[in-house]
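In structure tokens below, several structures.
Note that chain A is present in both complexes that follow, paired respectively with chain B and with chain C.
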Partner chain A sequence: MTDQTEFAIGARRDWMGLLARAPDDTLMTLWDGIETRPSFDWLRRPEIGSVMVRGRTGGTGAPFNLGEMTVTRCSVVLQDGTVGHGYVQGRLKPKAEAAALIDAMMQTGAADEVQARLLDPLQQHMQAVKSTRAAKAAATKVEFFTLVRGED
Partner chain B sequence: MYVAVKGGEKAIENAHAWLAEERRGATDVAELSLAQIREQLSLAVNRVMAEGSLYDPDLAALAIKQARGDLIEAIFLIRAYRTTLPRFGHSNPVETGEMACDRRISATFKDAPGGQVLGPTFDYTHRLLDFKLAADGDVPKVPEGSARQEPTPHITEFLKDEGLIQDEPTSDDTPGDLTREPMEFPANRPLRLQSLTRGDEGFVLGMAYSTQRGYARNHAFVGELRIGKVAVEMDIPELGFAIDIGEVELTECETVNQFKGSKTEPPQFTRGYGLVFGQSERKAIAMALVDRALRWKELGEDNLGAPAQDEEFVLSHADNIQATGFLEHIKLPHYVDFQSELELVRKLRREADARITSKEVAE
Partner chain C sequence: MAAQTQFSGGLENAPVDAAHAFRAAMTVMARPGDIRVLSGSEPPAPLSVAAGTLLLTLCDPETRVHLAGGIDTAAIRNWLTFHTGAPLVSAAKADFAVGTWDALGPLNAYRIGTPEYPDRSATLIVECDRLEQSGAILSGPGIKKTARLSLPGIPALQGNAMLYPLGCDFFFTCGNRVAALPRSTQITSEA
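Let's look at the complex of A and B:
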């Protein structure tokens, strides 16, 4: 595999992961702001299902089945043959549709616009939420100090 | 003879109508929204997701509302719904070392890298009822510190570097799945952990407590307890590579336990492991203690005959949906069964009475 395709896979993995993890309302609001949407045909209509989440014994050992999570998926094909896949957490079919269309548009000339108007603000919003939690956690870090040393 | 009877449809219909009215409660009190349950009763939502074995906070909130707050009934609803979903596949094992930790404490290493991060804990509260909450819901402004950028390392890694704790060698074995095949004994550790993580919190807690009180005591320390979000990654066949399909909040507990060593292993620490959906630390610690107790055979320890060492006992009774199904079915109509028992007892009584009477006549 060339560096070029590895780079492309890495970028696609990033935006698909971002869309999967995105809060429903944030993504749908940003998606509503994209006026020019391509026409498409369904390759797979949105379907709700589950994925068995696995952990590892002791955090590092053999895999075990932890429990399932809900996932909605679908696939679209644009007029020019570009295929987009949506895999999103939860049971919101319009979100899976948006994710699949965004995935397809990111492989076309619309990529820059979608990146700037949807993926970048989404990424910033999710990063801000995450950073705020991390900052609150940091404020609960224990600072130990010595009361009495027993040398005397 | 089996006698089929029919009836009660009207009674059942009316009972369900009344149930709906009672569920709603007084109509001059505002109705609960699912978002309120999800946001403000989040630990109940977490428990329903963990024992319902399906991570979906909105569904768990709906189940709690429908079940009038009866969490086992809510778990039942989630389990039933889960069976209707097609399964797309399984995730890659989650990387708990990459967790964005809200909380991370160690009872064994004060100065562990990453520090002791308390998070939003009930610990160190005075457990006094706060009547201010009854009056208003004002929240204080939460102080913020300087956020840690890098992932927080697992504490057991430090013991591992010194060779002082039993290793957990990585493998890519396919774990058994008790939702697909009935549990068989002896069960291996991955199956035991699956059973424990969806097991009843009260039952697992009771079993864990029994080990602390001396029934197969294994001297556990909480090496590490962490709560936070991890990404869930799955291989997507149509893409040919793995992507994140979401993220879940997990509680992970690793206990560090004394181990005298065996014929093949030097004295070292061993581990118990707990991993549970949501913020569920009582359950995660209890799971780790029970996991460790059930490992007696593979560690060459003695069977002390303690309940927590008996995997058939523990795993067969940990599931509250199985348990409640069997327990509660005895309240359903058993008229015919009971009629035959009634006949039997009457007959025995007649015979006993006859014996007494004939004895009295003889005297």
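Let's look at the complex of A and C:
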């Protein structure tokens, strides 16, 4: 039971993080492709605020404040009582609404469809953008090495 | 509206509703004995509408809240945390405490501030069965001659007023109505 819960939290953390980082236009385009949307009520209407992003040097050092970023958040409840939260970067309120609805739908029977038609393509797109950028950066990498050490 | 869920019942339009509620809270605190209507939220039972709206208006992650007695239910804890992010603490550390007069217990459990910082004191939100302009006689700042308010535990409140400029401040809530009693008000029990 504990393992299941931890698995569920881990999985939810993954898709929440994916939605939070997703580019505006990609997410909204994919979201427009989902026809069956559940009806919902607001728990918290979309609101814009800022959060302090903290980092750790090398991922293990002492935490430091990296800087503030703008986030938009909202919470929805579906007719069956499932609660979904949306926290996304930027100021786009429809995106926060989409993220909250996706979070709620991922906890219902629609999870497989949403995963296949929205989250997987989104992840592939973001991975592709990241790889392209990394490849471009790698092409400009300069390797320094010494031909002759000149010890003589 | 779907079935009542653990988080529902927040302010519909938070900036505007909270501003109206804050105005009402300021007014009753400035004019002890006045009773105003305070609505906008639908908190889980047994929290009253006025007390719930006050909490949503006044609390944020930096105000420590104490839930006393029957108010301290899982539903209310979750609701308050979702909407305000306020940390829940014991009576001795609280900035705000909510409960019935009996549940809140003796007032010496709460912070009364220090001479340098009299504002570092607790504000108590007292849930009342009745709230009307009768009973104890009030006088002091914000009151033209005298005002009347149905207060619970008059001796304890008189003791609190004697601590001035230290002491606690009080909101009294009943349904969707609210009244207040700052520490500066002198209280005379009905002759």
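The rule is simple: the second predicted complex is superposed on the first by the 132 of 152 C-alpha atoms of A that agree within 3 Å, B and C clash if a C-alpha of one lies under 4 Å from a C-alpha of the other, contacts with A are read in each partner's own complex, and residues count from 1 in each chain.
Heads up, the rule we're going with is that contacts are C-beta pairs under 8 Å (C-beta built on N, C-alpha and C of every residue); 3 or more make two chains touch, one makes a residue touch a chain.
Predicted model, so just to flag it, every value in this text is computed and none were measured.
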| message | Taking the superposition on A as described, I'd like to know which of chain B and chain C A:G90 touches: first, second, both or neither. | response | first
| field | First (chain B), second (chain C), both or neither touched by A:R37 | value | neither
| query | Regarding the shared-chain residue A:A62, is it in contact with chain B (first), chain C (second), both, or neither? | reply | first
| field | When both partners are placed on the shared chain, which of chain B and chain C touches more of chain A | value | B
| query | A:G81 contacts which: chain B (first), chain C (second), both, neither? | reply | second
| message | Applying the document's definition of touch, where does A:E47 land relative to chain B and chain C: first, second, both, or neither? | response | both
| request: Indicate the residue numbers of chain A shared between its chain B interface and its chain C interface, in ascending order. | output: 47, 75
| task | In the complex, go through chain C and note every residue touching chain A. | result | 1-3, 5-8, 10, 13-14, 82-83
| task | Spell out the residues on chain A that touch chain C in their complex, using ranges where they run on. | result | 41, 43-45, 47, 75, 77-81, 83
| message | Could you list, by residue number, the parts of chain B that touch chain A in their complex? | response | 49-50, 53-56, 58-59, 82, 85-94, 96-97, 100-103, 110-111, 115-121, 142-148, 154, 156, 168-179, 189-191, 193-194, 197-198, 231-234, 236, 238-239, 241-248, 250, 252, 254, 271, 273, 275, 277
| remark: Note: in the complex, chain A contacts chain B through residues 9, 12-13, 16-18, 20-21, 47-71, 73, 75, 85, 87-91, 130-142, 144
